[in-house]
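The following pair of complexes shares a single chain, chain A, combined with chain B in the former and chain C in the latter.
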Partner chain A sequence: MGKYVLKRLVYIIIVFLVLSLLMYMLYNLIPTDPARAELEPMRPSLKPDEYQELYLKLRADLGLDDPMLVRYARWIGFAPEKDGKLNGLFQGNFGYSNLYKKDVRLVIADPMAITVFMNIFATILALGITIPLGIKTAVKKHSLLDKSVQVFSIVGYSIPIFIVSLVFIYLFAVLLPIFPVMGTKTPGSTFTGLRAFTDRLYYLALPLIVMTFASLGGMTRYVRAAMIDALSMDYVRTARAKGVREKAVIYSHAWRNALLPVVTVVIGWFLSIFSGSVVIENTFSINGMGKLYIDGLNNNDYELVLAMQMFYTIISLVGILLTDLSYGLVDPRVRVNK
Partner chain B sequence: MMKKLVALTLALALVLGLVGTMAAEPAVGGELIYGSTTEISGDWAHTAIWTNNASDNMIRGLMNDYATVSFDQGGAMVMNQSTTESIESVVNENGTKTYTVKIAEDLVFNDGTPITAEHYVASILLFSHPSLIELGSKSVAHLTYVGGDSYSKGDSMVFSGVRLLDTYSYSLTVNADKVPYFYDLSYASLSPLSIDMWLGEAYSVHDFGEGAYLVGGKMDVDTLTPKVERARFLSEGRVTAGPYNLVSYDTGAKQAVLEINPNYKGNFEGQKPSVQKIIIVKAEQETQMDALKTGAINLLDTMTGGVDINAAMDIVEAPEGGFDYVSFERNGYGKLMFQCDFGPTQFKAVRHSIAHLLDRPEFANTFTQGYGALVHGPYGLAMWMYKESEEQFNQELNTYPYSLADAQKLLEDDGWVLDAQGNAWTSGLRYKEVTAEEAGEYKHNVTVGGKVLMPLIIEWSSSEGNAVSELLVTMLANNPDVTAAGMEIRQNVMTFDELLNWMYRDKTVGDQYGVPTYGMYNLATNFTPIYDMSYNWTRDPEMVAQGYNVNYLFDEDLDQLSMDMVYGVDSSEPEKYRELWADYIIRWNDLLPEVPLYSNVYYTVFVDKLKGYEQSSLWDFEQAILYSWIEE
Partner chain C sequence: MSNINDNNKKKTPSLLSRWFKRAFFGPHRELSFMEEEALQSPLRTMADNFFARKLSVFGLVTFLLIFLFVMLGPIFVPIDLSYQDNTQMNVAPGMNMMSVPREIQGSLVKIAPGKTFGLGLDKNGKTHLWGYTRITDTINLARVPQEVLDARIKDIAVGYDHAVAIDESGKFHIWGNTRLGQDRLTTEMSNAMRRGDNLNIVQIEAGNQFSAAVSEDGHLYLWGNSNLNDIKMKSQYQDHVAKVAININTYLVLTKDGAVAYPGFQENVYSRIPEGLDKGVVDIAATSNTNAALKEDGSLVFWGNITKGENQVPEHLGKIISIHGGRNHYTALTDQQEVLSWGSNTFGESSVPDFPQNATIENIYTGSYQNYALTSQGDVITWGLKGYVLGTDHLGRDILTRIISGGRVTMTVGAVSVIIAVFIGIIMGGLSGYFGGWVDIVIMRIVEVVGGLPFLPFALILSAIIGTRITVEQRMYLIMVVLGLLSWPSLARLVRAQILAQREMEYVTAAQALGVREGAIVFKHIIPNVISVIIVSATLSFATSMLTESTLSYLGFGISPPTPTWGNMLTGSNNSVVIQQYWWRWVFPALIFSICTICINLIGDGLRDAIDPKSNER
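Now for the complex of A and B:
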């Protein structure tokens, strides 16, 4: 087991390095001049000598005149900076945001906290509803409940989340002013402790409802399908024939076996708590990771975007390893013992 | 008896007058939630030293207003009467010019500590310091003043052109090549900076007659990095000098809360704010109207586009009421820009004919959905120079009305009379016989019988996802009259960054961009209150290579006028400036390096409890709010 994990960790490092090189190259192949792009809005208020001085300095600061491989090596931490020190990704320096003019690490901290806060609740809510609902509809296949859930889940699955957001805002914030339209806290409030927590929950309630609503369809149908497969197996029939209680048949025999395909999706969900929803965050004006990512892309803030992508790369690679290991926990037949 | 009656009447009148005066004075109080369409970065350095987005600049304006020079409601530069007692200038024998500024003696920061000339001088000394430049300071002030070059490079410890004369006076000496200058009052302008907050209590400014310098501690990058980082992003307890104090900034929610600074003396007119609290939140375009309706936002600033404005007007005009608005003309315009040194667009007649083939009033009306205006040159309708020149422009500016006949005549008179075989043009694409110099490397040229023929193909670079481009396709590129005129306009869709590469002919990004390829671009431009177009029409090859004169129009008159307008006139000669400005506009209108397409009318919508709010494109929220009050 230990050897298997170690081998996978080595793979992760190799894949990470290859991906980092590819992504760095890709972003730097975009035909743009970041120094010029940054100064463009200031150009009307600068005299030519002022513009030229700033432009040349920015190019030097951004290392735009150095070969791409040298820049990559500096960024990843394999080559020294101009001061002779190694100060790249491997040394814990995630880069410098050209948009916010501060370290990427500091730029990411707050959006990450909000995204994780939201996603934890959204994931718990979604799983708490979809798993029991999926099991119930599978057990009561073709019942009125099952058919109703099928219809609603396909509707929820089909409508773009953008539309769902706007409809929910109109219904629950404008028509019935239950929730606020946008934001993450009462404007101007200085709440602390529990009051701050409940205030944030109140502001995030509507986006959470939208996120949950949008995720119900897919997961419910996924669980339902896995359970229907499991319930049609011979061992379920055998258990029932032996007179095992129906609850035990469903939860101990069928659900345990239906878990294998579901666990992949569930772990994926938990890993996605670090990634924000671009649409939800933009619609509800939430300063999360999705919004930060889009802002970074729109403003050519490639160090910020690259750092985020590298982070998600690590999360994904580790996530795949965890998923593989969890198969063994769920199903002893695929457990790695060597 | 009569005397008593008169006395009583006078006393009554006096009392009533006093009561009336008291009633007219708006009460201080209330709060306003400002919906910002751009992100707040949380960088509060008092000018755009590091970041330059609109929200940050607006908040900086609310927190800092003690510059010695301000802009008035019409965009004119004025001495700030609240902060400055006098500004005197003298031209020195070596051609440099020295501005001596005496500041008011009763100025204090928001924490009550006195402001002296040292604090004004500290700002230029700090942001021009080599360590700060190393730390990314975009200050370029050192290029303007004597000794700035050696100071900013670290060759000299003192900034010889910056002098701390006494507790309340400083002087700035401007390099000889920067004067005369119509906006020279800007050279005397500095803003106070809290030395304690930025550097620490041990630091101060000294001047022993050779120039001012900072003392009190190390000024190397390692020492300054944590100090500067802290000062830039410090939200609570921030020491500033303006109408509002930053009370808090929530980095997670991106909300800034500002409250009135009780120590604020007033703006350049002595005006103090009345709205007690301003909360700035981020507004999203998709939900901003709902946010306005439900009170999540109280003011949406500078809205543009018919869809949003119509939605806002629906809210304003709704029977339940509760909202008001102001509208104002944009100080800028959307445009078709030509590069005039190659291909068909090098010929004035072609540029004129393109203007005649686009129904500009209809275009402006369609694009802005009725919330727009049309200009015929590089000016904004709110500019004081325009207002004083309007009558002259009505007579002298060519409005290029829509006319196929005019376009055809212009082309024929200019020699676009051939077809691809060199025969007389009857239909299809027009060709013109051109000289080798005119032909250049234009890729569509053909050679027939030893003659070089240039086809009337306009290669147009348009940015992707752009509503203006889409309307231009319909109203210009696909206009049957364009074909009838013998012209073809080819749209080339690309990202905005790539468009800039082509426009600037930026070979650093790729060699292909160095080749003149597109003759027409659709862009937009905005003007600042300092209308300085110098070098925009330069003929100096080195400056052209640096990205000046992106129209590549090398006209001596236009170049001269653009230079004379600002560098040939002193600030005491506004009428002379206006005359040169009008000449410049008229010359531009004739050469037509750009076709103005539309100038938006902006709307700011707000709750009607906000009273006295007047805004223009030269008078922004941070200035207008000082004259407003909340009436609950």
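Now for the complex of A and C:
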């Protein structure tokens, strides 16, 4: 087991390095000139040759003329900066956002809080609906409820999320003006404590509903399939033959075994709470991670986007590993170290 | 006997699915019960299972219909990507733009055709409005002021966004959009109004935010938005005006001695009047971008920005006696009762219908894309733009046309990227699964790297680097290829898992023992056995590809306008004004796209259940 984890970790590091190099190269393909951008405000007050001299000096200081690999090594923290210190991604320096004129770490803090807040609620809501629904439809398969849920779930995961957003805005903000469409809190309000919490929840209600709705279809089908597999097992028949109450058969015998595949998916879900939904956050103007990402891309703030990208990459790589490991952890029958 | 039992056991397939089976797989061969089932190939079983599922067949039929609709549609309704028309913005679905109410047809004396509506005047001096009358989300021309309803109206005119009427006492009434000075009469006019003088107006015209009126003694009154329009007048022409014609933001006059003049101060293509128009002109007319003059001998002279064939007068027998201008076309009447229309024919505004034999045309009213001919019997004959089945968008483009062309783009992008992904996925998954060892490790790491590459910055950066150097169409292909190149990893994983399971089968050992080359074993022996799984996965990822493309286009990172896709048609729809007031702009693209993806997923689901022997239990 330990050897397996170690081997996977080595792979993760290799994949991460290759990915980060690729992403770094990709972002560096864009013709931007930070030195010129920094000097631009001073330009009118300088003579042309003075400007040129300063410009070249700045380029050298920033190391813009060094080979790509050297710059990459500096950025990731393998090679020393000009001042001789290691100051890269591995040292915790995520870069500097040109758009917000702040360190990327500070820029990310607030959107991250909002995104995590939303995702936790959406995940809890979605699980709270899909698991009972999946069990119910599996137990009563081919019933009217089951068939309608089947059709409904196909519809649910087929419709793109921006269309779901538009429909829900129309239903709950235009037709029945229950929820506000945009923003994360009452404008100009300075609520604290519980009041701030409920205010935020009220403003985020519509996006939360959309997020929950979008994840219903797939998860319900997954729980249902797992539960049907479990219910067709011999131990369920044995339990029934012994005269165990139907409730106990379903929840205690079958569901516990159906839980195993479900848990692995849920772990994956919880890891993705850090990444915001680009579409939902843009549609509802929520300053979460997804919107930050798009804003960064649109405004050529590549250090910000690159840092976010690396963060997501690590999370997804670790997520894959954890999901694989959790198979073995929750189900002793599965051996992972092969 | 056994046949009967078997037939009872199997659910009798519906007529539709039987028809489909016959169409695609040929008629059923009668099987004796000894060979029953044994001769069925796996693909045949899959097809049979699939067609037994009503929902999947429904999905297939609907998808094929949509597919044919968007693939063949552009042949019948070709799209002009550069077309846009600000007079046709945000028009609601409907075909009533020229529906003159039946009860007033006998009594109409004048019709003023507006951009998407018509204003009629009857014998009793009452006005009637039809068509799509909303100007903006707050201004509606249908809110006719009470004073207009009360007064006996003598003459009417409609501009792009306002209407003008004069009553019998010579009083002006203006309604509609009045925010840009459309109702700001000149000082001399308002003084006359206040005194209660009748200016004896004989002609009124209204254009883009300005209006003009000609009095009996040849005085021209001009009012409206003078920032946009050249509506000042050189004094030498004043009091000689016989007729005025208005194009997009200038005007021209016909003087009482038969000369054409441009009395404004601007120097432009309209002010350069061709020679020979200083006498003997009997009528003038204007489209949005051209002017026309009719001479005594029936010949026509055109000038301005002639781009849509406005000077291509069709063959005719008689002498032209009057000419009328629409948005981009002219309509003329000859002394032998012929009606001619020429110029642009986007909405059939130049396709003159056949008139009833005995009809004598009394007058023709042309404006925007509409034509009305009033016969002496009081009938109204119309041709031109009736309306838009699904409305228009914020640039005045027909939504139906864009849905058809957009569907073609969306489906092509989805299909091409899936084909690329399947191709790479099979090769990579096949190699990785069959050879194992370090090949497997390397390919799986590549899969992880490619799977980790995010599409959004990829597309954005690629278009930032080469975006300016390529055309819109090349950019579309770029998106397809990038989408395909980035979406193969999941398929490669699937193929690898399938091959891992097949590798230990006896037929593979047999092939190896026979000395078949390893490449041939993978691609000729194993892949055909797992192809059904690949087909299912490809079907489902076709839907995913379409979703990805449309999501990207919706966010503005995919295929950019003016090329329509179902995704970018919804860009900018996420504000409450559009969602509520201009619902047709998002409902129709969203609806057809949702139906399409639902159908593809139904097909994919049906196929998956059809190849899965366990699915019968579920």
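Quick note on the criterion: the second predicted complex is superposed on the first by the 286 of 338 C-alpha atoms of A that agree within 3 Å, B and C clash if a C-alpha of one lies under 4 Å from a C-alpha of the other, contacts with A are read in each partner's own complex, and residues count from 1 in each chain.
Here is the rule we use: contacts are C-beta pairs under 8 Å (C-beta built on N, C-alpha and C of every residue); 3 or more make two chains touch, one makes a residue touch a chain.
Please read all numbers here as calculations on a predicted model, not as lab measurements.
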| message | A:Gln309 in the overlay: touching chain B, chain C, both, or neither? Say first, second, both or neither. | response | second
| field | Which of chain B and chain C A:Glu40 touches, first, second, both or neither | value | first
| request: Give one of first, second, both or neither to describe whether A:Ile169 is in contact with chain B, with chain C, with both, or with none. | output: both
| message | Once chain A of both complexes is superposed, is A:Ser215 in touch with chain B (first), chain C (second), both, or neither? | response | neither
| said: Is A:Val181 touching anything from chain B or chain C once the two structures are fitted on A? First, second, both or neither. | reply: both
| task | Would you check which partner chain A:Asn282 touches, where first means chain B only, second means chain C only, and both and neither mean what they say? | result | both
| field | Contacts of A:Asn119 with chain B and chain C, given as first, second, both or neither | value | neither
| request: Please work out whether A:Leu19 is in contact with chain B alone, chain C alone, both, or neither, and reply first, second, both or neither. | output: second
| Between chain B (first) and chain C (second), which does A:Thr130 come into contact with in this model arrangement: first, second, both, or neither? | neither
| Following superposition on chain A, which residues of chain A contact chain B and also contact chain C? | 30-31, 162, 166, 169-170, 173-174, 181, 282-283
| said: Quick check: in the complex, which residue numbers of chain C touch chain A? | reply: 55, 445, 448-449, 452-454, 456-458, 460-461, 464-465, 543, 547, 550-551, 554-555, 557, 567, 570, 573-574, 576, 579-580, 583, 586, 590, 593-594, 597-598, 600-602, 605, 617-618
| Which chain A residues qualify as touching chain C in the complex? | 11, 14-15, 18-19, 22-23, 26-27, 29-31, 141, 151, 154-155, 157-163, 165-167, 169-170, 173-174, 181, 225, 228, 232, 278-279, 282-283, 293-294, 297, 305, 309, 312-313, 316-317, 320
| remark: chain A contacts chain B in the complex at 30-33, 36-37, 40-42, 44-55, 57, 61, 64, 99-102, 110-111, 113-114, 162, 166, 169-170, 173-174, 177, 180-185, 187-188, 190, 282-285, 287, 295, 300
| Considering the complex alone, what residue numbers of chain B touch chain A? | 31, 33, 39, 41-43, 48, 50-52, 133, 136, 138, 140, 143, 229, 233, 248, 250-255, 257, 277, 279, 281-284, 286-287, 290-291, 293-294, 296, 495, 497-498, 500-501, 504, 506, 508-510, 513, 525-528, 530, 532, 534-535, 538, 543, 546-548
